[in-house]
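Each of the next two complexes has subunit A plus one more chain, namely subunit B in the first and subunit C in the second.
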Partner chain A sequence: MRKVVAPDYTVFEHVKRHAEAVKTAIREAIIPESVTCSYPKERRKMPASFRGYLIFDPDRCISCFGCAFICPANAIRMKEAEDGRYYPTIDYGKCIFCHFCLDSCPEGALKPTKIHDVAYRDLDRMLTLTEEMIEPPEIIREDKRYVEYVIDGRDLHLRRVDGEDELLVDLPPPSKVERIVSCIDPESCTGCRICEEVCEHGVIRSSVEEDGVRMVIDSERCTGCGLCVKECSMRVLRLVRR
Partner chain B sequence: MTGTVEALINLMMADQVAIPLLDPILNILYGIPLLGHLLALILWKPLFAALICPGFATLGGLLMLLPWIERKLVARIQWRIGPHEILPRMGGVIQLLADSLRFLFQEVIVHRDAKQPYFLQFPVLSFIPALLPLLFIPAGTIIAIESPYGAQIVLAMVTLFPLFILGLGWASNSRFAYIGTVREAFVYFGYEIALIVSAFAMIVLYGTSDPLAISGMQQVPGIILNPVAALAFFIASAMATSRLPFEIPEADQELAGGPHVEYSGILFGLIYVISYEKVYILSGLMTLLFLGGGSGPEIRVLGDLSGLIWFILKTLLVMIALIALRAIYPRYRLDQALRIGWNPVFTLSTIAVGVSLMEVLLL
Partner chain C sequence: MGGLLEWKVRVPDKPMKDRLYFDGLKANVIDTGLCSRCLTCACICPVDGIRVVDDKVDFPDREERCRDCGACIRVCPRFDYRPKYGMGDYLEFTAARSKRFSGQDGGMVTEIMISAIEMGMIDRGLFVGRDERWRPQVFHLHDSSQLEVGTLSGTKYTFATVLKELKKAVLLTRNGVGVVGTPCIVSGVRKLQMEFPLFRDRVRLVIGLFCTENFHYDELMRFLEKKGIKPEMLIKTDITKGRFIATMVDGEVKFKVKELEEILPSGCSVCTDFTAVESDVSVGSVGSEPGFSTVVVRGKSAEEVIAYIREKGYAEFGEGDPGQLDFLIDYKVGRFYVKTKDDKD
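Take a look at the complex of A and B:
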């Protein structure tokens, strides 16, 4: 077994080390470094990948429920809007800011921001409805400069830069994966024609044949919105890569 | 009756604090009946020393300022900001005023097991060893009581402090306070002898212990004459003030304040300043013994105040050095502190006596 013992310094080494400590203290007392960011008056510059408040673009949302399924904290609920589609609502009381929802969103409808200081009046209001997520929350900016932490050599330094740090992140839209609907198990189709009814683009058509109803998918015109996939009662429709 | 008053006033006028700069104004003010007498009383050297400087007013001002200086300086060294929010433009300088107001209005809780009368008396009584030594420390030529044994009396008073801290811990009747008290007693044994012996070395060197004579004798400051004694005295004072790195009796981390743990409100405020009072007195003594007291380039227009200003400046310097130790060293364990007290510091102070004796015999 190895024993941990204090190093055995000579008197000269002791004096040298004490002198070093005192020298450092005097140097810092005269020209102090600082790593404190006086927050409302200056903000820390966050990287573009900062996981903050989410904003939402309903035009891009395809109601795929991916965000709600992947949310580990069950913070996202899908809510039916007036146009019959489902959009996410986020309960920030539960949200753990993992941004799995953002990563899982195929269309880039959820967008990250660097906002991390939203205040709510009470717990109920932390449930952010879809309409409130479209615009970023109102922020009173007191900061005239932002702060960057720079590591040079072994030390952490703080650099103050005049100007406001832009809190909204302008991410390029994700490289879109073209998807179309396809029936994976035509044998199980009951011919209920719900998919035909929900399709906004008239992609799915039905015709009555001798042996029952035959469904046809016009894959050229399919936008891959996924509404039929969600409504299919037999769960035989899937979105596949074009 | 009037004869006695006249005699008293003549006595006071004979020993006034001389300030040539203010002489025209003072001469007018002396002419006004009651105010003139009051002014003559305050500017009478012994009373001025006791009340203004180095006595009560300076002590009070420093107690208001010193914790702020400490927190700000240590924060600078440790890359923090320190007190800021109260009066941000001045860097939070009235922080302790705000704190003391809070202490003043906080309820003083005397818990059931405390030995009540002593619990309430000791914080107040602890001002005795804080204020009495100030009567014997000269600020320049201003001193309250001239005594040929001034240095010894100051040392004796300083070594009275632990008695009051032991009293606090005993009256608190709580286990944290007991542990802190026992540690205080241990540390006391650690530093006391080294402190006294190193001061003794300087008294041997000067051949007198009259504070005025000591500060008058130092054309070359004592720290150059006997640096070993200065080092030993400095370390012993750092231990005596029971502040970091020797904050063993209080030990916030494991004893939650040691002897102070049961106190709240203004009583805590009184205890909180004990260590700062100690810092002031020991720094004053160090200035007197090693830095030449109030000697320095004389500013003629200020008269007696010139020595006073030099004394305050030097004392502040020593106090800041004592305080800055907090930022440099971590806290020592009790056994390490005792070893430091008994082994290197005691050895240093003994060597210092030898150095003094040699200098006395050779020069």
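Take a look at the complex of A and C:
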């Protein structure tokens, strides 16, 4: 283990360091260099991976409930829409902005933005309905320039750039492992056919025959949403690589 | 992978045409008084709709929720009932007293379960505890520190919903599950294992208890209150030499077991299995000296656990006498014949 001790400066080094400190003090007194950004007149430029407010594309959503299941703060509730399908709503009063929902979405229906500053009049309005999530949340922008932090040598500097930072992030379509449902233990299947009922795409079908129930999975049409996997009471359905 | 994946689920014939399978189960088992309330059907029900209503197994909203899959009929040990009786096959008949745990007699149920967990054979055991009013509650036991609850060991003489918890335990387990239960529960587990490989692979240890009868909680408590026994004051219940002994904070109340026959559930009066012949190991009080548990080792897995207990010296072993069990085995078989004769008259 290395012991950290105070450096043993000579008198000459002491004088040199004090002179440097006095120089910095005089410089800051004449032209002060601030490292804080004057929000809202300027905004900090965030990376594309910033975890801000989410926007939602109902056309891509397959109602798999994956976002609602994974949400550690229980902020996502699925709500039945007029077309009979279920779409997420987010309670930003509970959301911890972990973006697990976005990462778990198999179809890329949830998209990130760099928006982090939305004000609400009361708690009830923080519950964002599906319709309100399609467009990015409305914010008033007064910023004329954005700032970037750069580390140059040993110091942190602030670089101001004129122009607006684009708050919407254009993500490439998710590169996902294609998964399909499979039955890992057909003998333990009770034949309750709940999987057939919940499947949106008619992938799982059953037919009642004389001495039992024949179950068929048509893997070609499976989107890998995993809804049947969650509902199977014997947990014999699994998602496997296509 | 791609294309079609096909499998077939074998389902038995419907006992009642154009009705739900559960209606058939109700007509053949529950309404005829054969039902032992083991709740194997509730364990397998995919919509979790089967429960106990007024001391009877029922599926109240079956018209709306039942999937009519027939699993309840496939696993019911009393549907197509073949009564078991006698001592059954065993590898070893012995008596033992645990040095680590105290129980009704020798604390051997707790000892076997904890040893199996320590060996890594199972990672959870289902135990029945009770609340302060002696209502049964099912516990998932992972290690011996949970035994500080203090109410897990000891006989309760009331029906518990062990099997309702079994599916949850089986789906959560990594190594395997251990179950303790009366002979009817043991038969239910074996039927589940016969029908569904999921249970065959994951239920590794089935401990059966010697059982003459079991009571419904409400009826037993009403009966005990008539005898002047308050459930809050009870410490221990036991049946020895034909007498029911209730030990309370302030003394004991004894009465003849025969008096309990008025509240004997019908499912118990048709049962002839005293020693849980289908278990991996049966444990009880009869057949050994006071303070010892009788241990009847039947299965390979139980044999390994007992060998482990011997090796570690966790229990003191004594002499067991199978002959002492004959009276109760015959008593249970005899009761069955009396009952069936009554039905014919």
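What to note about this one:
Methods note: the second predicted complex is superposed on the first by the 155 of 242 C-alpha atoms of A that agree within 3 Å, B and C clash if a C-alpha of one lies under 4 Å from a C-alpha of the other, contacts with A are read in each partner's own complex, and residues count from 1 in each chain.
Operating definition for what follows: a contact is a pair of C-beta atoms (placed from the backbone, for glycine too) under 8 Å apart; a residue touches a chain by one contact, two chains touch by 3 or more.
Everything numeric in this text was worked out from a predicted model, so none of it was measured.
Of the two partner chains placed by superposition, A:Arg51 touches none, neither subunit B nor subunit C.
After overlaying the two complexes on the shared chain, residue contacts for A:Pro32 are found with subunit B alone; subunit C is out of touch.
Residue contacts after overlaying the shared chain place A:Arg85 against neither subunit B nor subunit C.
Of the two partner chains, subunit C is the only one that A:Arg193 touches; subunit B does not reach it.
Using the contact criterion defined above for the overlaid structures, shared-chain residue A:Arg145 touches neither subunit B nor subunit C, since it reaches no partner.
By the touch criterion defined above, A:Ala21 lies against subunit B but remains apart from subunit C after alignment on the C-alpha atoms of chain A. With both structures placed on the common chain, the touch criterion links A:Arg60 to neither subunit B nor subunit C.
After superposition on the shared chain, subunit A has more residues touched by C, the comparison being subunit B against subunit C. Overlap of the subunit B and subunit C interfaces on subunit A comprises no residues. Subunit A contributes residues 180, 182-183, 185-194, 209, 211-220, 233-236, 240-242 to its touches with subunit C in the complex. Residues of subunit A that touch subunit B in their complex: 21-22, 24-25, 28-29, 32-36, 38. Only residues 73, 76-81, 324, 327-329 of subunit B touch subunit A when the two sit together in their complex.
Contact residues of subunit C toward subunit A in the complex are 1-11, 44-48, 67, 69-71, 167, 171, 196-199.
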